[in-house]
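In the part that follows, the structures are each spelled out as structure tokens.
Here come two complexes built around chain A, the first alongside chain B, the second alongside chain C.
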Partner chain A sequence: MIESISSLVPADIAAHAPALLVVAPMLLAPIAAFMPNGRLAWILSILATGVSLVMAMVLLTQVRSVDGGGVLSYAMGGWAPDAGIEFRIDSLNSMVLLLVSTIGFLAAVFSWPSVVAEVRDAKRAMFYAAYLVCFTGLCGVASTGDAFNLFVFLEISSIATYVLVALGATRDRRALPAAANYLLMGTIGASFFVVGVGFLYAATGTLNMAELAIRLQDMQGNKAVLAGYAFIFVGLGIKAAMFPLHQWLPNAYAYSPSFVTMFLAATATKVAIYALVRFLFTVFGLEFAFEGSTLIWILMPMGIAAMIACSFQAVFQTDVRRTLAYSSVAQVGYMLLGISIGTTLGVSAGMFHLVNHALIKGTLFMALAGMVLSYQGTTLNDLKGLGRSAPWTMTAFAIGAVSLIGVPLTAGFQSKFALVNALFEHGWWWAVAVVMFSSLLAVVYMGRILEAVFFRAPSNPNKRRKEAPLLILIPLWILAIANIWVGVQGGFVAGLAEDAAGSLFIGDVS
Partner chain B sequence: MKGDHHVILRVVAKVLIPIIALYGFYVHFHGEYSPGGGFQAGVILAVTVVLYSLIFGIAPAMRAITPGFARFIAGLGFIIYVGVGVWALAMGGNFLDYDALFREPPGGHNGQHVGIIVIEIGVLFAVAGSMVSIFYAFAGRVSEIRDEDW
Partner chain C sequence: MSGEMAIAAALILPLLICAGIWLAGRVPDLREGVTLLGAAALFVVAIIIAGHVSAGSPAELSLGEAVPGLEFAFKAEPLGALFALVASGLWIVNSFYSIGYMRGNRERNQTRFYMCFAIALFGAMGVAMSANLFTLFVFYEILTLSTYPLVAHKGDANAQRGARIYLMTLLGTSIGFLLVAIIWTGALAGSLDFVPGGLLQQAEGLTPLVASALLLLFAFGVGKAALMPFHFWLPNAMVAPTPVSALLHAVAVVKAGVFTILKVAIYIFGEEILNATASREFILAVACFTIIVASLIAITKDNLKARLAYSTVAQLAYVTCGAMLADPAGFMGGSLQIAAHAVGKITLFMCAGAIYVATGLTNISDMKGLGKRMPLVFIAFFLASLSIIGIPPLAGDWPKYELMQGAADADLDYVPIVLIVSSLLNIAYLLPIPILALMPPPGTPEPAPYKRPGGAPVLTVAAPCFTALLCVLMFFTVGPISEFLEPATGERIPAAYMTEGNP
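Right, the complex of A and B next:
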């Protein structure tokens, strides 16, 4: 399907796909801000994300057309790379771009009823402008091959995110401190990252990531590079909600508008993890990151701590959105664990789980958004008995839930299986036990919610049967079916993840 | 005005504000040959509005440059910037490739000249508009909770 859509795009346009993917939302964002009403801005945001989605498909086709995964290089402004900014698309980028643009497109389509209910009329056009800016930033991070440019795009997306989170204040005033907290933490993360990039630039004299990778090979043990490495690691760790640095996440997810939560949960931390992987493997290289500085004693324990501690925290939340937020941090732990193995299998399992988790959390938060529309609250109590009054919405939610737990025939099972497989292969038997234990905790916290939804009597029996509107149900079911599709026929996404991991390890062989 | 303690401030500001604005444009257009350019000039232009509202009050400043106008300028600047990039794309070059703007033969530099000047105008608008908008957002904020209610 992806190939046939890409073949419809004229060659002239396909040649500029790396730029157009970012430019389309970038151009339409300020135009959306000028729209007299929110509905037009909404249509523009669907248009922009749709163009990006098609371009992401084109990029994926182009990358996959080369055996073993090609590398596309796009020189911004016609300046050759190293001197100019380069957009560099390989298997890893194209996978992340496809993920972000797919989620972005579905989020844009479903957003309207949710935004009408939660954002004031006067702010809607600006809201969509901020959404497009955020989307631009995320796509930019995932496509650029320049370390400083990555920082700029990271800030573009983050600053828009702070605005989006704060707009939840119409529904719940606690969105404001949550946004301020996120702003402080996010800014610290970004500052750390840019300081790290500064160290690297001072040591090597280049900002281009491919060039950095070459020059850093001769700099093992250089103190400036080590400091830069530490700064970049911590900075991106904050953005990716790595375990002890995740405190901004639960509140930001719990109090922002439902649509924003869904979009952020499925994309923002994923893109930060992409950036982390890109720096660990491509820029610093496996040797430097793992043997040179014993990363294995940081990344792996943090991943495991997240899987256990945050799953426990998720069990004790009464607000369902907070449960899911803590579960997100725990799932980031799975990805970090996979990455920390440092083998192709491990990284590919981590990347596979990254995609699947985006699908899972997208489904769950979208179903919650539909539910909030008719029932306002998001506590466990509000969800009681909804299985009867909104069966379609809640069945999709249940599919997401079992996928999160990792029941066979769902996406979550496939990626956890891949992770366990990679752990076995590496000989980390004890870590398999931890994965199992954490999955059991997921059974507890998701089971609690499912039990309330399907087996309890409604707390307010007078409420009529009320589904989410069709505009939410269709994208919701697309995501839910994607969960099952990946679970039954995981080949496509698993193949993407394998190619992505493979592209990271090519550099080390040469 | 009798009992006005700020008369010196007002008079001096009235003289200074146009000069600051002029200096902003100087920094902008001289940015081609010396340090400066759209970003710095945009901040200097925004400073004139900030200074005006510090001395004459936020309300007259908002009448002169309305918040809506400031936001419009900010968005317009952004569109100009991206627009030049799309223009280059439309002419067959890469994004923001100034050489492609007029499809010049190699050695022609009109594209580079025009491209950077238009881009800098976009930056000037975007920065000046954003700075004024941010200032208005903070300065024009009406406190939602009265002090006695704390």
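Right, the complex of A and C next:
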């Protein structure tokens, strides 16, 4: 399907796909801001994300047309790399771009009813402008091949995100401190990152990531490079909600508008993990002196700590959004664990889980958004008995939930299987036990929710409850079916993840 | 019908039945008609599959790969065909019984009940036919999830608690241990297929220690086999309506568990590696411990269903015991026990349900003298008890015989003793029930009057009588059944005294 859609795009346009993917939402964002009403801005944002989605498909097709995954280099504005900014698309980028734009498009389609309910009329056009800016930033991070440009896009998306989170104040005033907290942590992360990039620039004299990778090979013991490495690692760690730098995430997810939560949960941390992987494997590479110990002594323990600690925290939350938010941090732990194995198999399992988790959390938060529409409140108590009054919404939620647990025939199962397999291959038997234990905790915290939804009587039967509108149900079910599809026919996504890991120049690990 | 088509039919039929039940949900008679017709068709399909297996023609079906290396593949072999036959055949009987029970008890949500039943049979068929561990695991979990609503059917706090324990134990053990064992096997052997003679023979770098750990993970990971200490879900699941306990907790669910253990023993480990695996003896000892202790607990239970539940725990351990004996006679004993115990235990459960529908009684001590009013029910109960105990001419005799043979072949003296003690304990906890009901000691007060006017519905009495007769019938047909199973279990070693005439 992807091939046939991208074959419809004229060759002249397809040649500029890397630029168009980012530029289309960027240019449409200010136009959206000046729209007289929110509805027009909404249509514009669907249009912009739709263009990006098609471009992402084109890129994927182009990359996959080369055996083993090609590399597209696009010089922004015709300025050759090193002087100009290079957009560099390989198997890893194209996968992340397709993920972000798909989720972005579905989120844009579904957003309208949710935004009407939660954002005041006067602010809607600006809201969509902020959304498009955020989307631009995320796509930019995932496509640029320039370290400083990556920082710029990271900041673009972050600043827009602070705005989006703060707009949740209409629904819940606690969104304001959450946004402030996020702003602080996000700024610290971005500053760390840019300081690190500065060190690298000072040491190597280039900002182009491919060039950096080559020059860094001869600078193993350089103290400036080591410092840069540490700054970049921590900076991106904050953005990726790596345990214990994840404190901003639960509140930001819990109090922002439902639509924003859904979009962020499925994309923001994923893009940050992409950037982390890009720097760890492409820019620094496994030969880099610190790399092995970073993977084994920092990434892996932190991943495991997240899987256990945050799963436990998820068990004790009463607000379902917070349960899911803590679960997100725990799931980031799975990805980090996969990456920390450092083998192609491990990184590919991590990437596979990255995609699947986006599908899972997208489904769950979208279903919650639909549910919040007709009934305010997302505590466990509010969800009681919803299985009867909103069967379609809640069945999709249940599919997401079992996928999160990792029940066979769902996406979550496939990636956990791949992860455990990679762990076995690498001989980390004990880590398998942790994965399984964390999965059991997922059974507990999702099981509690499912039980309330399907087997409890409503706590207040007089309240009006109904199904989410069709505009939410359709994207919701697309995501839910995607969960099943990957579970039953996961070859496509697994292949993407494998190619992505393969493109990272991972050599043999000692 | 070709083998491929038959397997496809065995998988699709339950789903079609489920859809049919949903469509016919508003017309109870039509809905039950769909169940009965579908169950009968499924039984016919199971017979066709068994025909293919006994003729030696391969029946295989592949539905493609989920991701490379994980294939949805099905293949009929003797053990699975037998399990499919037992499950689908008893489903027919049980459906008749369910109609009587559910209507007699005026249960709610009957459409959901029958739909979940059909999905559970789908899971059982998939488990029976699976050609590799991955497929087996998928259907194993489908079976768990589809039976959860059945256990929680009553919907009160007690049922929810029982159902939660049920779900958590089965999911927990399967994800925590079984899945690990499966992935580990895949990492070692490079494949997950069931291979005659044992998949792990291809595995490079299989040390005895690793094999031991794997076997432990498998044995305790299959929570449905109810090996102690993971048996507690079974008594807790007895909050379910009796037809559920009868079919699922005497036939489909628990038998899927011990069936998995047998499959792993025969097709993953194989006789040779199993014999060389140290933890085998430990698991054998645990199985023997389970047999004795669960029987002892059963004696203390006054609630009839609880007593039957603990009896099931003990009887399931027979199969595990047979698998861990790791010789053809042991495997044969385990396989026969799957069929024999299914027929016997479903009878006992259906009798318990009939008594409950008619009188509302659940405690054994209240049932003295009840046999005068419900003679057929208690006679069926009596016959099935004899079969469980293992007295000829009833089906339950053969598995015990084969297990003892297997233990003798393996030179394990304590196993026959355990089996004999178990039989004595069976007598102690099963026989007093029908005997006191049919022949109450003088001076026993008259039992409480029927709660339901007219007593037990006809269907709830006819069904256990039929399965009780099956217990007798199976005693005489064991020859063809063991011949059918022999390709899977391997040829038994002829005992020395049979061939040479002296011990």
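What we mean here is this: the second predicted complex is superposed on the first by the 495 of 510 C-alpha atoms of A that agree within 3 Å, B and C clash if a C-alpha of one lies under 4 Å from a C-alpha of the other, contacts with A are read in each partner's own complex, and residues count from 1 in each chain.
The rule is simple: contacts are C-beta pairs under 8 Å (C-beta built on N, C-alpha and C of every residue); 3 or more make two chains touch, one makes a residue touch a chain.
As the structure is a computational prediction, the values presented were derived from the model and not from experiment.
When the shared chain is aligned, chain B comes close enough to touch A:74, but chain C does not.
Once the two complexes are laid over each other on the shared chain, residue contacts for A:31 go to chain B alone; chain C is not touched. When the two complexes are overlaid on their common chain A, residue A:439 makes contact with chain C while staying clear of chain B.
Which of chain B and chain C touches more residues of chain A: that partner is C. Once chain A of one complex is fitted onto chain A of the other, the partner contacts of A:408 are limited to chain C, with no touch recorded for chain B.
Judged by the touch definition given at the top, the superposed model places A:421 against chain C, while chain B stays out of reach.
In the superposed pair of complexes, A:82 makes contact with neither chain B nor chain C.
With both structures placed on the common chain, the touch criterion links A:16 to chain B but leaves chain C unconnected.
Shared-chain residue A:172: touches no atom of chain B or chain C.
In the complex of the two chains, the chain B residues touching chain A come out as 71-72, 75-76, 78-79, 82-83, 85-86, 88-89, 92-100.
Residues 64-68, 70, 137-138, 141-142, 145, 152, 155, 160, 164, 167-168, 171-172, 175-177, 179-180, 183-184, 186-187 of chain C are the ones that touch chain A when the two sit in their complex. By the touch criterion stated above, chain A contacts chain C in their complex at residues 402, 405-409, 414, 417-418, 420-421, 424-425, 432-433, 436-437, 439-440, 443-444, 447, 451, 455, 487-491, 494. Taken together, the chain A residues at the contact with chain B in this complex read 12, 16, 19-20, 23, 26-27, 29-31, 33-34, 74-78, 129.
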